[in-house]
């Protein structure tokens, strides 16, 4: 499908500052960037950076004079639907111990899997296959965690969410990641643009590695899985922040929009977990 | 200098299990591996893996039958001394925001810098240059943290060490890393073989990125900085574990040895922080 | 001085519920209750309870039918000013180890002094007398903690406040209590009505035991120390909650008012820490 | 039954110090102290204190000169067996909200019930009566927590034990208390001498308040419930420490012995949870 995404980050700069922004879509085989632009509301020194294990696309902006600044991104992105027969995902895969997946078994700042092994085992240890465990984790998140803005903050980690049973997309993802890693299922955090997400905002989901592929999981179930466009991938939110601010900078809001190309709107068939289950499929994000 | 290192990890395997071991030295420009071997006490399925952002060398061992297993590594490594004039390290570098360093500003499992900003600022905020801050962090660790085996465990993080003021090399490194990242100095964890370390064991130190290079810091001051041979590098101990065990496996001890080649023993001049300060130098690990 | 205080707690009851409320003033030698009344907006089963080590006055309300409920308290209270010469407080008192003070050296839920010994010692260990330490704690709180609604929640404890450097009166008190106990100064939490507090709300301060008396400390410095009327006393906020709700009850706001009797308004001379220091005095609450 | 208990605490005093010890049995209606003595190995200044809500018997020892010190206690205590028909404990009691029980619904340092409500509800929320919940908590502790010395420390709290699934008697009691309070069952910590406990040591259990009485619960199941002699009672271990040390004092070990009077040894019928269940009884400690 052809998506048109855009976002703006608004800031007030009080003194010379550096901003590292992550709003650009990721170009992959399944997610082709047809056109894109990142502009700022006034002239700043800009450096494009490719950062980390997943080659996230960050933009460094150095601002010398005080005042307002907006960082505006827009892109047209073509995604290819990639479905896999769930029945063909081998139940016992040694994939968890491949070079590409090993980093995502490690505990991270917001997903301290090492402290959640007993808890994960209580809840999901009796389930046989990693695929069934991952889907049970998603179900558990959806059924037990209440989506509530204001109940968590930037320092909340998976243990907090497990205790409080409330959070936002970031918290759902961190708890799911911690559960999966604790079950020896490699899991990583993904920041996306999400079609149909209401209200529009950046969205966070996670991916689990099963038998050679990364499959998307979203315990919030707030947006169709085939309407997501990958921005950044990492261990957790600490590695995929929309913006890191150095210096006296105040955020003044964000704007996010995810649309389908006008001629494709009628073609979109939202794929939810329920519909994927009905088809016996798992979805790979672009 | 030419070092001869060796280590053995001893296990009892109770059922089919997988071990991911990290005892091999890292080959770099400043650290040439002349010869090496990794053997096991009995036949197992072995796969060599290159993992993560720093291309750590891990070995995956799949063991199907119960019984004892030892994983024995030995190598001869030639290290090149790399000293930099401290006076030439530029006090205000934008290096913290380069692609290669950005991952090491993020909070990680055991070094949650995001929760230590005020504390780091209390202690080191008044110090001007990042170099002086990093050295003050090392001094603070040495003067305030008591090296005591048994006061921490595998889940201890920098906040615990700050509270308890006690720990082992791993804890010193995590607290130092958290302080530095909280001060916007990129910092990463390094596992090494360490000459003169008594008793011999794997050792953990950290590196800070200042004006284009990574400099080694060791708050324990238990071994000369020029006697360290890099094994693995990462965000923290979660990414550089000596061994990760999957299945019912019991550790039964380790053996570590770090020696100089016989003909070089008399040539070794230990470089401590004190001696480096006397010379106005900072040391880059191989 | 003769104060007129009142408060209302507003609830919506969804099912049979029990509320334990603590809005009544405490009668003491230095705080005489001239008249008071506690009424509810509709008939409920009411039981007056005297609870805990400090004989806090709680009211249990059992509500069987759904609907709104307000709990309205008003009282006229006469307080006697009790000042002590700071110079006469003995610097080395064994008072910390008396029966009446020992409970207040123990760590409590929100003031885990056992985890803050090193930190407290860093900051205040060099100060000689307990009196000077307690005043230094108050100064530190005032200078380092930012009073900000929304930065903490009901589960925040002193370690959070030390990390984040922000909180409300409750958080200031918990951090001060934890510091003092860590220094072996008995400290307890006090809920008060506070004259001049803007906006009017219940207020939390703490008391330290020095040479035989409890002296009031308020790191927020948001209200004069001689305008406080004690409601409840305890280890921390866990023991002195304004209301504990059992059943499906929603809080819908509170109203608090603290006034001087009309004929006394002109006589009130606010005593702040600064003015007390000027006079060389410490204040004992009623 | 007539028990003969004794204990010794051994210390090395390095400078003038104060010790607050709690090894004396508590005299109650069901636990009569026939004779007792507390002596020290050399002359110290001793003050007997009655402390806190439960009138715990503490002994303050002031020691001015360095050297060894032992604190030796022995007593003969007569306990009266107090069994209650479980069937007569009313399933819905408002006892949780009585003056005497309210303090034991509050979260405390090592039993932060406010953070364990969702977890407790997951595990025990489906069970109807408070009595059945309390017994299910005991069963869960016994079945899920591994009794292992060295896995916890003095700062471990119920969340740690829930995560790690390992601990000692103190940790079992704290987790059980936190679960019960989270279910609105008043629960308190009890330090006891325990007959049959191997190896002999001070033991910690907890009590829950149901329909007017406090019933003993012991998730470790390491000693018969009718062989326990109460020393101290409180919110948690923070309030019932065997010894609090002020000054440079090193513990050098303890000795504990709990015996039956010679003529009663053959009469003792150990009451375990299993045997109590068989009889349909609950036990009230003296």
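A, B, C and D are the chain letters, set down in written order, and residue numbers restart from 1 in every chain.
In this section, a contact is a pair of C-beta atoms (placed from the backbone, for glycine too) under 8 Å apart; a residue touches a chain by one contact, two chains touch by 3 or more.
Just so it is clear, the model here is predicted, and its values are computed rather than measured.
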| said: Keeping to the contact definition above, tell me which chains border both chain C and chain D. | reply: none
| message | Interface check for copies chain A and chain D. Shared numbers divided by all numbers used: above half gives same, below half gives different; which is it? | response | same
| message | From the mean C-alpha coordinate of chain A to that of chain D, what's the distance rounded to whole Å? | response | 48
| request: Could you grab the centroid distance between chain A and chain C? Build each centroid from C-alpha atoms only and quote it in angstrom. | output: 44
| message | At least two partner chains per residue is the criterion; list those residues in chain A. | response | 115
| For each chain, which other chains does it touch, given as pairs? | A-B, A-D, B-C, C-D
| Residues of chain C touching chain D in the complex | 18, 20, 49-53, 58, 60, 62, 94, 96-99, 102-103, 105-109, 112, 114-115, 154-155, 184, 238-239, 244, 246
| query | For chain A, which residues are in contact with chain D within the complex? | reply | 115-116, 118-119, 159, 162-165
